[in-house]
Structure formats: structure tokens, C-alpha cells
Amino acid sequence: MTTSPALPHDAIVLQNVEKQFGDHVVLNNVSMSVSSGEVVALIGPSGAGKSTLLRCINLLERPTSGSITVEGVTIQVDHSIKAKELAALRSRVGMVFQSFNLFPHLTVLRNISLPQQRVLGRSQAEAEERAMTLLERVGLADKAKQYPGRCSGGQQQRIAIARALALDPKVMLFDEPTSALDPELGLEVLAVMRELADEGMTMVVVTHEMQFARDVSDHVVVMSDGAILEEGKPHEIFASPSQPRTRAFLRAVLDRQ
Amino acid sequence: MTVDTWQIVAQGILGTLQLTAVGFALGALLGLPLLVLRISAAWPLRALARTYIEVTRGVPLIIWLFLIYNGPTQIDPALGSVFTSWRSAVLAIALVSAAYMAEIYRGALRAVKQGQFEASRALGMSRLDTATRVIGPQMVRVAIPSSASYAIGLLKDSSLASTIGVFEITYYASVASSNTASVTPFFVAGIYYVALTFPSAWAARSLEGYLMKRTA
Amino acid sequence: MTEIWNDWLTHHDQLLGGLWVSLRLAFMALLLGLPAGLVLAVGASSRRRVLRGFIVVVIEIGRGTPALVMLQVVYNGIPVTLTGFVCAYIALALTTAAYTSEIIRGGLQSVPGGEIEAGRALGMSSFDVLRDIVIPQGLRIAIPPLMGFCILMFQATSLAFIIAVPELTSQARSIANNTFHYLNLFVIAGVLYAIVTVSASLVTEQVEKKLQRHV
């Protein structure tokens, strides 16, 4: 799973993304880009719009206006979106949720193989082989025949990561992947994510784990009130934030940890 | 479809509402002692209540109607004047409703969290106070939506009383249909039933929504 | 008691024949009504407002009309001459579809939104999400209430006597009208119904317990 060391290019480009619920502005004219192989941490106080922004990238949330480009597929949200374009975009983007969202009525193996069959048209044998490879990678090959309900939260999240990776995404989105987990179970998920980052996967991670943001990410984006407050290299942001609000937020979070 | 048909069948609306209301009210009342038996500590009482509930709900209402209306005349034809159409129908509906309502109450009781009983006991409240002040009010909230939908179902089931000659919507529809040899009166009856149940179903749904919001 | 037993001995062939008709009728009504209920349930959860509104009205009419009236409307209203059995089959299937659609819709709705979202994020089409995620789980949740409804539908077949279908109630009535043994025959009919329904609800209870264990 090493990505080719070709020239870095823009994997994700968001231009003037806005999102409103009635009068309430959730995202206020957000633009950002992520280069291929880059790991971006999205941090900020709750209610800042981090998860909404993340969910706009694969259009689980439809922005009110703006455009989204992922690996060459561009969607202008003011135009009506064709199902084909949407499928093309989502097939390039894997997503991991806070609450895992595994399918409880399917075995771990089926959770990973079924989407491959439906979305990529792989045969069952092919899909299961790929599923087993990924399960081995996340250290859960022995759980293949079990149902998700029998696995711990940390295991379920690792399975969810394997499920997303099975579709060979170019980009992975993580929406607070460890928030629903006890700290020690969160660590095993973070270890898998770190490994993925080292292999050169393009990742956008909404997180409250400042340690992870500082150590693993290449770029930190701080959000507040639906807009990007500031962004930069992790050591810059954590050592000398330019915005007073970033400073206040970091102090509050780091005190707690 | 003449105005006449609408008027003829409409004569039964009051009968349908009366039968449903009286039968349901009696059933809701009788359901309470039945609940007490059903959750009693003495197993014979519990078994008795359980048997009553299962058998009453397991036999179609139409059989209860025929049994109560026609049955006694086998013993003494004079009993026919005691078990009139109306009385038989009310009795049958009340007996069956009691069984259903007792189960609805029991479901509501189970929905009240165990912690509420423990908290009341820890606070030293009497059993009566616990039942009437703590558990009862919480049960009512849970029981109202299912009771409402049961009552709406009963409104339609009361149509069976037409077969023993109670003057309600379906009765007038049958009479009008056989007089005119047309199906129209039954369409009219159907419309009346839908018109009666539609707003009640809607009201029950919004009541449920309201109660969910208050308890959530 | 002995009198009831004597009536049973004399008429059991006819009564058991009636019970067999009742069971067949219930089976047929469910065979057609349950799939139709699933279709209505999916329609009622549609995101298209017009379609959803139309389906909801159809369901409410189906649920609002008493089965007795439905039987009469189908029996007298269809211009083609059909046997009473076929009419009862159609009428009860319509009622089944309307009622079970609400039960199934409840099941479909209880599938967590996060799973649907996960399916979409994986790029699965709405149809795939419905077929692979929502329907299998929703139906499983709906199984116990659906079984309860099947028992009620078996009881509702007793209304088919009104359009001269020779089921159990109809047989009991016709024997009673000849012999005036009303009490005996309706007690026997009641017992026969209760044997079927009470044992069916015991099975339902077991299934419910089993399903709860697995979730």
C-alpha cells in the first residue's frame, strides 16, 4: 500500500464552501486544499463546523454553495449533482465515523466484502481475499467470522477502517474516530491511523487528540464559528499560535489532557 | 350516490361512537383489577389472569358476540330479552378490551425504570404513594399512545356488532345495501370510518410526539 | 359439558373442515398481503413527497376501513363474479398490506441512521443500501409484531362468514341455526380458535426471546 512517489498534487480542493441551515450559517466561505500524501488535522471547539466540513468533502452533507474537487473529480454544488459524479467522488473517498457504523447483521468479513461487490463489482472470492488481507493488517483476522456486536469498540473501529480501505480510496476522512472509545482502546485505533499516514495515505482527521495532531499530522487547520481561524505546521500552531482564540482553545484542551 | 345514502348510513355514527366509548371505558376500568391479578405474587391468581387474557384475546370478537347474544337462549329462550343486541355487544367489547388493556397497562408498568421503584423505597414512600404518585403518572404517559391506537381499532371492530343487530354504521349500510342492491352504502360506511379514524389517528400521533418530547 | 361434547362428536367433521378453510384463507391473505405491505412501507419512507403522501393516504384508508366493510366492498363492488373465497382472500390481503406496512415501516425506521450514512459514504447506491442494510435488519426487528398480526389475521377470517365463505364461524353458525345449540357450538368454535391462536402466540413469544438474545 505505498503510494507512488510521484509529484504531490492537490488531492482535495474546497472552494468557497458555504453551508446554512435556515438562517444559521454552519460553514462560512471555507476554502482549503490538501496535497496528496498529506495528513491534515482539523481541530477547534465543538460546534465550530469541523464535522460538517469533513462531511461536505464526500457530500454526505450538501453545501449550500461552493465547489469540491477530489482527485480530479469536481462537483459544483449550485448545479444539480448527477448520481454518477457523486458515485465517482465517493469511490475515491473513504470515511470512518465516530460511532463506527458497522452493519450489525453482517459478519465482520461480509461488512468488508459486500461494499466491494456492490460498488466495485468485485467477485465474492476476490472481495473476501482483499478483506482478509486488510483484516490481517489491522490485526483482526481472527474476527472475520464474528458479528461486530462481539467486538470491542476499538476492534470495531479498526474493522471500519479496513472496510473503507477495501474500496481503495485515494483519500481517507476520519470524523472523531476515537471520541467514542476508552483511551486505551483509542490507542490501538490511533496506531493503525499512524501506520496509514506513514504509508502516504492522504488523510483529513477531525480530532480532539492533540497528541495525534501534533505528532502525526503534516498540517493543522483550526476552525471556529464555521470558518478557518488559522492553519499551519503543527509545531507552529502548537508552539506559537497567532490567534488569541486558538491560544485559548489549546490552553483549555491541553489543560484537560 | 344519492344524498339519501349518506343520510341513512350517517344514522349509525352515533351508535358506533356510543358502543366504542362505553365498551372501551368499561374495558379500561376492568383492565385495572385484571392487571393487579396478572402481576400478583400468588401464582394461581397470576395463572388465572393470564389464562383469561390469552383466551379472551385468542378467540375472535365475532365468536364472543354470538356466544353472548345467542348462547343464553339455548338454556332459556327468555334470556334473549336480557341479552339484547346492545347489551351483548357492550359486554363482549368490554370483556375483550379488559384483556387488551391489562396487557397495555402491564407493558407501561414494565417501561417504568426499576430505579424509580428503588428510589421511592429508599425515600421511604409507602406502596400506595409509590403507585399513585411515582409509578402511575409515568405509566399513563407510556400507556396513552397504545391505548389510543387500541381505541381506534375498537372503533372499527365495533362494526361487527352489526351482525347481531346493533344500530351502528355497518348495520345501516347493510340494510341500505340490501334494499337498493348496491355496494354504495358500504363505500359510504368506509368513508365514515376513515373520516372518524383519520383525525383520531392523527391526534394520537401528535399526542405521542408531545409525550415523547416531554419525557425525553 | 357432556352436551357440548356430544355436539362436537356429531359435528366435528364439518367444524374441522371450517377450521381448515379459515387456515387456508389466512395463509392466502398473508401470502399476498405481506409483500404488498413491504412495498407500501418502502413507499411510505420515500423521500419524494408526492409519492409518500399518496402511499400514506392509501395506507390510512386501508387501515381505517373495518375488515367487515372491506369484505362487503370487495364482494359486492367487483363487477366480475368471483367466489366468496377469492373475495375474502383479496379483502383480507388488502387489510394485511395496510396494517403490516406500518409495522414494517416501524422496523425500517429503527435501523440506525449512521449505518445508512456509512453505506452511502462507501458509495453504495440507495437501492443497495435499502436491500443490503435497511430491509434485512428492519424485517428482523418487525418479525415478532408481524407474527402477532398474523394471529389477528387468522381471527379476522371469522368475518368471511358474512360473504358465505364456509369457514369455522360460518359452519358453527349454520349448525347452531339448525339445532339451536348456540352455546355449545360457539364454545366449540371458540376453543378451536383459541387452540390455534394461543399456541401461535406461545411460538411468537419464543421467537421474540430468541431474537432478543441475538441482537
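Going by the order they are written in, the chains are A, B and C; count residues from 1 in each one.
One rule holds for everything that comes next: contacts are C-beta pairs under 8 Å (C-beta built on N, C-alpha and C of every residue); 3 or more make two chains touch, one makes a residue touch a chain.
Here the structure is a predicted model, which means the values were calculated and not measured.
Engineer: Under the document's definition of touching, what chains do chain A and chain C have as common neighbours?
Structural biologist: Of all the chains present, none is in contact with both chain A and chain C.
Engineer: Nearest chain to the global Cα centroid?
Structural biologist: Going by the distance between chain centres and the overall C-alpha centre, it is C.
Engineer: Which pairing of chains gives the most C-beta pairs in contact?
Structural biologist: Counting C-beta pairs in contact for each chain pair, the top pair is B-C.
Engineer: Considering only mean CA positions as chain centres, point out the chain farthest from chain C.
Structural biologist: With centres defined by C-alpha atoms, farthest from chain C sits A.
Engineer: Nearest whole angstrom, what separates the Cα centre of chain A from the Cα centre of chain C?
Structural biologist: 47
Engineer: Can you compute the centre-to-centre distance for chain B and chain C, using the mean CA position of each chain? Integer Å is fine.
Structural biologist: Computed from C-alpha means, the inter-chain centre distance equals 20 Å.
Engineer: Just curious, how far off is chain B from chain A if you go by their C-alpha centres, in Å?
Structural biologist: That gives a centre separation of 54 Å.
Engineer: Could you pull out which chain C residues touch chain A in their complex?
Structural biologist: 112, 114-115, 117-125, 128, 132-133, 136-137, 140, 215
Engineer: Quick one: in the complex, what on chain A touches chain C?
Structural biologist: Interface residues on the chain A side: 58, 60, 83, 87, 90-91, 93-95, 97, 99, 101-105, 114-115, 118-119, 149, 160, 163-164, 167.
Engineer: Help me check something: in the complex, which residues belonging to chain C touch chain B?
Structural biologist: 60-61, 63-70, 72-73, 76-77, 151, 155-156, 158-159, 161-162, 169, 172-173, 176, 180-184, 186-187, 189-190, 193-194, 196-198, 201
Engineer: Can you tell me which positions in chain B touch chain C when the two form their complex?
Structural biologist: Checking each residue of chain B against chain C gives 54-55, 57-64, 66-67, 70-75, 156-157, 159-160, 162-163, 170, 173-174, 177, 182-183, 186-187, 189-190, 193-194, 196-198, 201.
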